[in-house]
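Next come two complexes, and both contain chain A; in the first it sits with chain B, in the second with chain C.
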Partner chain A sequence: MPPILSRISVTDMHPNLLEITDLRTHFFTEQGVVPAVDGVSLQVKRGGTLGVLGESGCGKSVTGFSILRLVRPPGEIVGGAIRYYGRETVNGEDLTALDARSEELRQLRGAEIAMIFQEPMTSLDPLFTVGNQIMEAILYHQDVSKAEAGKIAVEMLDKVRMPQPADVIKQYPHQLSGGMRQRVMIAMALSCEPQLLIADEPTTALDVTTEAQILELMRELQDELGMAIMFITHDLGVIAEMAEEVAVMYLGKVVEQSDIQSLFADPQHPYTRALMQSIPKIGQKTDGRLEAIRGMVPSPRSIPTGCPFHPRCASFIADVCNVRAPRLQETKRGHSVSCFLYEDGGGVNEA
Partner chain B sequence: MKPDGAKVVLEVQNLKKYYPISAGLLRREVGQVKAVDDISFSIPPRMTLGLVGESGCGKTTAAHTIMRGLEPTSGKVIFHHQQLGAIDLATADRDTLFQARRNMQMVFQDPQSSLNPRMTLLDIIGEPLEIYNIAKGSELVDRVAQLLKRVGLRPEYMRRFPHAFSGGQRQRIGIARALALNPQFIVADEPTSALDVSIQAQTLNLLQDLQDEFSLSYLFIAHDLSVVEHISDFVAVMYVGKIVERADTRRLYHAPKHPYTEALLSSIPRPDPAIQKKRVAIRGELPNPANPPKGCAFHPRCPYAEAICREEEPPLQEIESGHVAACHFADRLALRGVNEF
Partner chain C sequence: MAKYILRRVVAILPTLLLITIFGFLVMEAPEGDYVTSYIIREYGHGNTEAARIEDQLREFLALDRPVYERFVTWLARFAQGDFGDSFDLRRPVRDIINNRIGLTLTISLATFAISWGIGIPLGVYSATHQYSKSDNFLTTVTFVGLGLPDFLLALAFLILGWQLTGEVLTGLQSVEFLDQPWSLAKLLDLLKHMVIPVCAVVITGTAWVMRVMRGNLLDQLGKDYIVTLRAKGVPERVVIWKHAVKNSLHPLIAALGQTLAWLINGFTITSIVLELPTIQTVYLNATLQQDVYLAGTILILIGFLVLIGTLLADIILAWMDPRIRYE
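Take a look at the complex of A and B:
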């Protein structure tokens, strides 16, 4: 049986595929508690693309791992809910309530929610052929024979525009280039037609011409298969190209959330604005210096009080930002920001 | 002023670095990987040449061969040393190289692996000063303190080890070490690629400030085209061991003459959702440098390739003054610049 796009009646479906509410994933290390994800709320629309933007240590990857319940000790989900409105779980089962080793979750992983990573070589087993690895997921989730699974694997490789898929299937990962390995990962992730693909920096390790090919491939496959994508990246260019909605993260928190047009046309959080100003704009060479953000991302073991960005912020308000934590509030339709500059009664009218 | 009044700091002429491919029981040489294949360029004082290309194109091998960390197969690397005059690094003897290297330094991509974890900052930054007998004892400590301050680190930290510092700080340590001998010329190999976006800008600003302050010339190697545009006065594009285009930064980005440059510019994800890009469709992947395509190495991926491209390798020729490209159709193609996609 070839994979058939499951045609679900859209009428009575929840508009969101995934709703994360106040998620807290903390790591209990010997040096103290690291609140890697600390009160994150996100929504992924059915068939839509949510971009999660942030620098290293902001908690964007841990958020992705939390959804699949792949956070290992000393990490633990200590609060919040992850509601998933999928094929089997139409009423929005809370994934945090499931046992990470349960059969239910195993059925979701791969079949409903799949993930791809930055460095495909670390996710592929060097001892097995590409075909073997793609077939493993198909045989686990679908009731097909080995020969049929092999056929599906070739079809999937063909779908990700792999040249000579019937030959590639017999090859080992080291025989492929970085771009080809990422195509294999995508083929593997999509082999069971998931509803949600979590893509964690999938093009960061690739060269720029290969990156462009993979991004285009992902867009085409999304149109074709109708899946939703949660696209995790640090790259403002990649996010602008791929996402419809964006959440900007800093030190375990979402500091700004908006549709992509509004975020770039009217960035509101001082961190978002500073990030956009700090990158060199291609095609607009000036002799001047870049507008750097001062300081560096603090250690997650000693997160600043109040707003976590305040020690680096250009609009820092003394006795406010370092004392109280701002809340994520809507400043205009579909655009929320967590900053006292925009908060009612924040004591300033600068906004 | 330089004693020989040179208008350039570094001249690379027809530099080649080939590696043998051996096979069989007797390890006979059956072929060559032309990692760097006949590249030429020069860098004027206080200027930056950006060297761009995708992984495996030979840009790092070129840098190491220029510094004579690798033995060149052939070619010249003329370094106009402030005191010693012109030196061909490719053939210089040990003593001359030792003297020349005082004036040329390197900054690496990964400050994690390029700093010795068992050495303190004082040892790391002070080492070149000791090797060249420039300072020792309290003088050395003072000099290291100055250098740390100059790159924005606290001198109090000089007895700590690299692991106590973040990636951005470690890169500053690497820069301080490179500056210790007051060099004329620095090769920076992907110095910001491992850094976060907010730290990248600080590091680029620091490199630019130091260039002005110490009259440095840079060979800046990177794959990020927006970073290279920002920092470079001139840019050379490499593909499978060869320079395929070289020009001043403005012309290379706004009026490219080689289809590969156009393809690179077209591939960059732009941080602006309003841009509806019309990409140049570029097929396939980088060829294996051990077995590059016949004719022009880019022809299997080139949207403009014709019969001649499959047969004859195009020479690198001057299209306009100061703008060279290796394409049979460089003077005929109307290629798009970075803002035209």
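Take a look at the complex of A and C:
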């Protein structure tokens, strides 16, 4: 058990490990401001799994990077709060208030909040052995000798079901396959037993068989280590397998948030519904073409007025959706949606 | 790996032979030979008598023999360590090189060490502070350094030095020290003369190293593994110096292969402008005058250094980057 957890008694723990409130991360490019994340609020439960679902460019990865404060210029967090209840369990500490280069944040990265990425092929330094890179993560956070760190590294590789871990530790990244590299990334991320693992499309670059193995492995390790996972993906199937709670994002905003059963049983936002309809179903006879969402994701530099989804929406209400911005509202217990179809008091934010 | 190195070392000899043959042929290609160019020069100095001893001179220097015979004779003696005599300086080639190699290496090694020693950290600073005021300033200086040739800078410094001290600091030694044994005063005199050539060449050298370092480091800093390192809580200083810089060194190490030959072959025009007693000036004159044995020996030396340098660079690259394997 990590030293942090053992100090904290269960009773004074905040139920959420992470609370993101109205996060705004904008990119100030020469062509204009890109509001990649524009008012996102999310909660990750202690030990739970939050799935963040959305297509390319919806801001889901930037949300993940914002938590670890890894957004580099021209990107910048311009508003909102990211409260982390790992150490300061009562009020949490606001990660947006820390200096991105501070020692405090460095100690948090990897040790309490770890991250794995989409491209295992390029996410490891080609010039250092796998063992060296796992040990590096351990040595910067734990007070252990090099020999002990090496032992932990082998144990971690064994834990992620790496065959011959004692040999792999001496190998270089290019000697391993994509699936094995992703196992190395997971071993590295979990080597300090973090409380939160941010997984940014960790299986997107892998083939389907390897993907299944990695997902299985992540679930097992989560059970064993008790960490929370924020799982970022565009894949509805993967979300269904991994997540308990899901946030659906579109153009920098959360449009629907719910537990996984409710989302699949009763998708409410027209975007979520369209996404569900665009999955081909085995055994279901269709009389022709696969449903697709019409139109394209607009350029993030020219986000539509009102509801950002209105130009592509099947339930578009003229003079409402293109004028006012809907608010995320709870429609039933644990299920919120940001759409005028469900709004009773009418839109609040004038666009 | 050992086998690979051995193979490369063995390949050096035939390559050198080819370089030498080619060099010899090129020097034979123009009309006339050393004697013709000697007579023309003497004539220019008002000595009209020289033309009369043309045949004698040619026979004395064995220039009346066919080129392949001269080449083979010279090469056979070269293999035994006798590099032949210079036609023009009337001295053994070995002595001429021995006399100049020390000062040549002093200047070029100082220049090399300073430009790499300054260039790498400044390049790193520039890349890690991209588009800041200091980066923009350094980039501007770099463009000036790359844009102005070093001999022009040397000339400007020469004039500046003259204006400031009233001395024309050409050469590497003041006349009064020329035949003196080494002493502190002579050393200080040498250092004083080194300032101009070293500064001039360092400016362009540093600019190049900085430019390459900055570009490569920026490239590396945009890569995925850098994000991984930051995400696992590695201090930024370690991310830069241990990981990103090591990954950026490839082109610099490849250039290191050329640097070995550059030590006796670089900044030739600056050497001439400043009348430095270096190998470069001798080499240029020998080539112009078709002083074939002198030029040929220096050519072999340069070729040898290029081949050894490239081999060394390849070995260092393989040692540094596990993805490179020579089998």
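Basically, the second predicted complex is superposed on the first by the 328 of 351 C-alpha atoms of A that agree within 3 Å, B and C clash if a C-alpha of one lies under 4 Å from a C-alpha of the other, contacts with A are read in each partner's own complex, and residues count from 1 in each chain.
The rule is simple: contacts are C-beta pairs under 8 Å (C-beta built on N, C-alpha and C of every residue); 3 or more make two chains touch, one makes a residue touch a chain.
This structure is a prediction, so every number in the text was calculated from the model and none was measured.
Enquirer: Are chain B and chain C a fit on chain A, or do they clash, once the structures share the same frame?
Expert: fit
Enquirer: Between chain B (first) and chain C (second), which does A:Met180 come into contact with in this model arrangement: first, second, both, or neither?
Expert: Touch partner of A:Met180: chain B, not chain C.
Enquirer: For A:His234, decide between first (touching chain B), second (touching chain C), both and neither.
Expert: After superposition on chain A, A:His234 lies in contact with chain B alone.
Enquirer: As a test of reading the superposition: which chain, chain B or chain C, is in touch with more residues of chain A?
Expert: Touching more residues of chain A than the other partner does is B.
Enquirer: Tell me which partner A:Leu290 touches in the superposition: chain B (first), chain C (second), both or neither.
Expert: first
Enquirer: Look at A:Leu68 in the shared chain and tell me whether it touches chain B only, chain C only, both, or neither; answer first, second, both or neither.
Expert: In the superposition, A:Leu68 contacts chain C only.
Enquirer: Examine A:Ala111 and indicate which partner it touches, taking first as chain B and second as chain C; both and neither are also allowed.
Expert: Touch status of A:Ala111: second partner only.
Enquirer: Considering only touches as defined above, state whether A:Ala247 meets chain B (first), chain C (second), both or neither.
Expert: neither
Enquirer: Chain B and chain C, closest CA-CA distance after overlay, in Å?
Expert: For chain B and chain C in the superposition, the minimum C-alpha gap reads 7 Å.
Enquirer: Kindly list the residues of chain A that each of chain B and chain C touches, one partner per complex.
Expert: After superposing on chain A, no chain A residue contacts both chain B and chain C.
Enquirer: Given the complex with chain A, which residues does chain C contribute to the contact?
Expert: 223-225, 227-236, 243, 246-247, 320-323
Enquirer: Spell out the part of chain B that touches chain A in their complex, as residue ranges.
Expert: By the definition above, chain B touches chain A via 54-55, 166, 168-169, 196-202, 204-205, 208-209, 223, 225-227, 229-230, 249-250, 253-254, 263-264, 266-275, 277, 279, 282, 285-286, 337-339.
Enquirer: Using the touch definition up top, name the residues of chain A that touch chain C in the complex.
Expert: Going through chain A, the ones touching chain C are 68, 70, 101, 106-111, 114-115, 117, 119, 122-129, 136-137, 140-141, 172, 174, 185, 188-189.
Enquirer: In the complex, go through chain A and note every residue touching chain B.
Expert: For this pair, the touching residues of chain A are 55-56, 177-180, 207-213, 215-216, 234-241, 260-261, 264-265, 274-276, 278-283, 285, 289-294, 296-297, 312.
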